[in-house]
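Presented below are the structures under discussion, each in the form of structure tokens.
Shared chain: chain A. Partners: chain B in the first complex, chain C in the second.
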Partner chain A sequence: MIGAALDLAGRVAARVAVLAAVAFLLVPLLVACLMSFDDRSFLGPFPPRDFSLRWYRAFLDNPAYTDGLFVSLQLGVIAAAIATAVGLAAALALADPRLPGREAMEAAFLSPKFIPTVVIGFSLLVFTARLGIYEPMTRLILGHVVITLPFTLRAVAASLIGVKRSQVEAAMSLGASEFRALWDVAVPAARSGIVAGAAMAFVLSFDEVAVSLFLSDAFTQTLPIALVAEMRANLNLTIAAVSTVFLAATVVLLVLLDRTIGIERLAGDVGARG
Partner chain B sequence: MRRIPVALWLAAPGLLLLLALMGGPVVLLVLESLKPFVPGSIRPGEGVTLGNYTELLAPAYLFYFQETFRFGIIVAGLSVLFGAPLAFAAVRSRSALLRKLLLALLVGLLVMSLIARLYAIEMAWGSLGPLAPLGALTGIAPRSPRYAEVQVAIGLLHFTMPVVALMLVGTFRALPPRLEEAAASLGARRSDVVVSVVLPLAAPGLVSAFLVALAMCISNFVVPLILGRGIVTLATSLMYTRFADIGNYPSGAAIGVVMLVLAFAVVYGLSALARRVLPGARL
Partner chain C sequence: MTLEVQNLTRRFGRMLALDGASLDAGAGEVVALLGPSGCGKTTTLRIVAGFETADSGSVWLGGRDLSRLPPHGRDIGLVFQDYALFPHMTVADNIAYGLRRRGRDAAARAARVDAMLDLVRLSGLGARRPAQLSGGQQQRVAVARALAIEPQLLLLDEPLSNLDAKLRGALQAELRGILTRIGTTTLIVTHDQEEAMALADRIAIMSQGRVLQLGTAREVYERPACRFVAEFLGSALWLEGRVEPGGFVTARGTALACAPPSRIASRHGLLVRPEALRIGAAPEGWNALSAQVTGARYRGAVTLLDLLVDGAAPASIELERGTSPPPPGATLALAAAPADCILVPEDAGG
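Take a look at the complex of A and B:
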């Protein structure tokens, strides 16, 4: 009797926890989304009574945002491309059991993930200044490649787990060079990890604040830097409009990723942190 | 001449990149932290000193680190407490649609801009927001300056929970369902199965997830920057103000080195400890 009651209580508690967690994660996003269509010219209490697109127009009319968007897109694409290429090569290397010092190398490759980004930004600032690199875009690309590399490597490595070394060796025994064998056998098999890693790298770069704050200058600002400056100065609904655009972009990206590699697989590839 | 293995060629670009862009800067950071600070000048003085480190032992500075860990431990605990049922539902729910929707939510949050999420939290939980009455349940009024603490905690929780849940999805997927079925076929109730079969088997994963969440909280910079309103200063914000507001590079570098050591201690040191207590914890 008591056991059955406890069992019921446990099940109810678990359901409530799941519901609470989902609500906690989703409700703020929906609130911001609704507020972004507010017609009031000031930040008033929720919910808005009249709706308009004025905050979306305000975003497009502000050059700090549009310039920042352009810088961020450029930076994200370049950094993600470099991090994906280097991460793919490194993951292929780490998949080879004969590589000397494999475990140490793997730890080294994943280590930037555990270094606080402020520390990376600060130390890169000191470092690039010492080397005489002052061009902000170059500095930003260097910084963003470092922070995204562990994620591309990890995603590719996760998708390479299914590829057996013997398959690569079979291709080599048929006369392919080792490079050729890896390119024709392992790389196609790692496609889902490459896509997931590249997407993750772009997203991380596009949202990065700490590293960019140290490495950008007054003339080359990324979108997140412009947004954070605005949020700290005066909170207004332009940012709600940007957040809603980000939310929509995330949904589109999710659908695309689901079509190409599948959510289940993706959860395994990007979720394998740690 | 022996041929260099292809794998080494493939690893070389990444290794060189890390050596140049992480090894070099970190070494410089350590050197910088040992220089004396000359007030009013961005050029450090001559000589070597440990002053920038001993300064951090003053109670005023220790307080910032203590605060950082207080936030981290509370948030990481809550993250696992709610992330675990979420992950379990995403893996073992009977409805395939629900499983997929939960996974999509988690992956979606992982790729969604944190800045946008933090702004949304400010909108929803801020003093004008519809969730402010819930925030007031913590005992801190939404209009009081101290409410920034609640907001920072909420922001960190929103940041860590999807990561924790996805890590635990991996943990729960790896558990053989046969054990649960066996317990159920022997007459165990569902909640008994979870408490006496699933949780003990998942314990190493839960500990790893907690430690990763803790490391994420300690290292995070954006959350206190945006939601802290200058009232909540955590270790990362302290380092930034040293650099940006005071121009004290050596002290900023010393804080950076301390944070580096702390972050690695949490991830590697504590997880090694956890492995000893709970064989099989992976990190």
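Take a look at the complex of A and C:
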């Protein structure tokens, strides 16, 4: 009797804990979302009494934000494209078990995941200066490729697990060069990984603050950098509006990916394809 | 096209995978490379296909040295053990892949695909995906894809090992029919002797990186070149002893009449195939052997009697239908005709 009661109590406690964790994750997002529609001109207490789109208009009227949005979009697309192409090439090369030094190379490719982004940002700032690269967009693209590459590589590599070496060799025996065989056999199988990797790279690049902070200048700022700068200068609810736009864009992207390739694949849990 | 494989050696780290393997196949001939796992047969196949390089030795196809050609320049059709069909392409696109790489136009490709589907009796299935086919059908698509490019040599890697036993028999006949009709020189790698005998004109028996014997199924079974070949194929009663004038004396001192050896070697053993052994007293001119019963195994169609012959050599013989097996420990008299007692060298020559 006591054992059963304890069992029940344990299960109830576990459920409460899960609900609390979910609430902890979602409630702040909802608060920010609701505040962004507040009609008050000052940062008032929650909840708002009247609603309007005034902060969204403020967002669109502020050139610091709109320029930032444009820079971020451009940067995200270019960095994601480069990181995906490089990640694909690297994953294909690393998929060959006979490649000498394979594990060391894989570790090198994945290392940006574990190095603090502040360190990466500072290192790249010094490095690009030494190379004579001062154009902020080029610097930003470089930095964002470095931090998103581990994710595209992993996503593509996971989807290549289902490709058997014998399929690539079959294509070669039928007259395809090794590159051609990989292109015809491995790349189609990795399509979901490529899409997932590119999407993840774009989202990561769009969110990135630390590396961008080092590599941008006063005239070329990403949206998150512009947000931080504005927040310091005058704290108002435009930030809530921008956050909501950010959130909506991410949700839309995730739903689209789920519809096309499935969310499990996006998370990297890719099974073998038959 | 004739295939000549000469003296291949290949070392993987400390392991000597190939130790001077040689074999040949005449134009249109089907040769099976048969041996236990790890004997080097797959390495040989991969070297011929170009996916592996030999440390020394050479591969010639129709008088052309293949050693420096990449896999895609060799004109060799390859059927993989797992078929390696392209899952994202239809059956027709799989078969047409090699033709596409060769720049054939759409009409020529379509005609060839139809002819190949016809050859492997899969007409009408061109629009299917490989995953929608049975294992046997996938296997035939793999054969059709390899043959579509009109290769100078066809390589089959364990072609039927992924199929269940029932299907295997039917597909063996089917595959043999296809190979006869196309007349392409073919090398089959297999560990299954029944498959080798059913499909090949000649069989190369391989062990420890060397080809021990290359001959027809009858030659390798009835006149094995060494003990390994004798014991690897079918079942064998192997008696140790020495060659004497006019016959053979076992380690136990039993004198047996037999034909003189085909090859002079330092040591010989005597091979008797169990199906040549009779239970009962030896007729005039036959060899008599004594055996102890060690057990009996009921196998449905046959019952196998396990024996220890001449005190030392294990053998299993089929019991006649309707007879009950003698109890373990019983002593039996066995008889074998001298023509069925074959002197075989202990070690491979050369």
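Going forward, the second predicted complex is superposed on the first by the 266 of 274 C-alpha atoms of A that agree within 3 Å, B and C clash if a C-alpha of one lies under 4 Å from a C-alpha of the other, contacts with A are read in each partner's own complex, and residues count from 1 in each chain.
In this section, a contact is a pair of C-beta atoms (placed from the backbone, for glycine too) under 8 Å apart; a residue touches a chain by one contact, two chains touch by 3 or more.
Note that the structure is a prediction, hence the values are computed from the model and not measured.
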item: Superposed partners chain B and chain C on chain A - clash or fit; value: fit
item: First, second, both or neither for A:Ile161, with chain B first and chain C second; value: neither
item: Touching partner for A:Asp7 - first (chain B), second (chain C), both, neither; value: first
item: Contacts of A:Ala176 with chain B and chain C, given as first, second, both or neither; value: second
item: Contacts of A:Pro188 with chain B and chain C, given as first, second, both or neither; value: second
item: Which of chain B and chain C A:Leu256 touches, first, second, both or neither; value: neither
item: First, second, both or neither for A:Pro28, with chain B first and chain C second; value: first
item: Chain B, chain C and vertex chain A (Cα centres) - angle in steps of 10°; value: 90
item: Which partner reaches more residues of chain A (counting touched residues only), chain B or chain C; value: B
item: Nearest-approach distance, in Å, of chain C Cα atoms to those of chain B in the combined model; value: 9
item: Common ground on chain A, meaning residues reached by chain C in one complex and by chain B in the other; value: 273-274
item: Residue ranges of chain B touching chain A (in the complex, touch as defined); value: 5-11, 13-15, 17-18, 21-22, 24-26, 28-29, 32, 81-83, 85-86, 88-89, 100, 102-117, 119-125, 128-131, 157-158, 161-163, 165-167, 169-170, 173, 189-192, 194-195, 208-209, 212, 215, 218-222, 225-226, 236, 239-240, 243, 249, 252-253, 256, 259-260, 263-264, 267, 282-283
item: Contact footprint of chain A on chain C as seen in their complex; value: 49-51, 70-72, 74, 76-78, 80-82, 84-88, 97-98, 101-102, 131, 145-146, 149
item: Chain B-facing residues of chain A, complex; value: 3-4, 6-7, 10-11, 14, 17-18, 20-22, 24-29, 31-33, 35, 43-47, 86-87, 89-90, 92-94, 96, 98-100, 105, 108-109, 111-112, 114-120, 122-124, 126-127, 130, 142-143, 145-146, 149, 153, 178-179, 182, 199-200, 203, 206-207, 209-210, 213-214, 224, 227-228, 231-232, 235, 239-240, 242-243, 246-247, 250-251, 253-254, 257-258, 263-264, 266-268, 270-274
item: Touching residues (chain side chain A, partner chain C) in the complex; value: 164, 166-167, 169-177, 180-181, 184-185, 188-189, 273-274
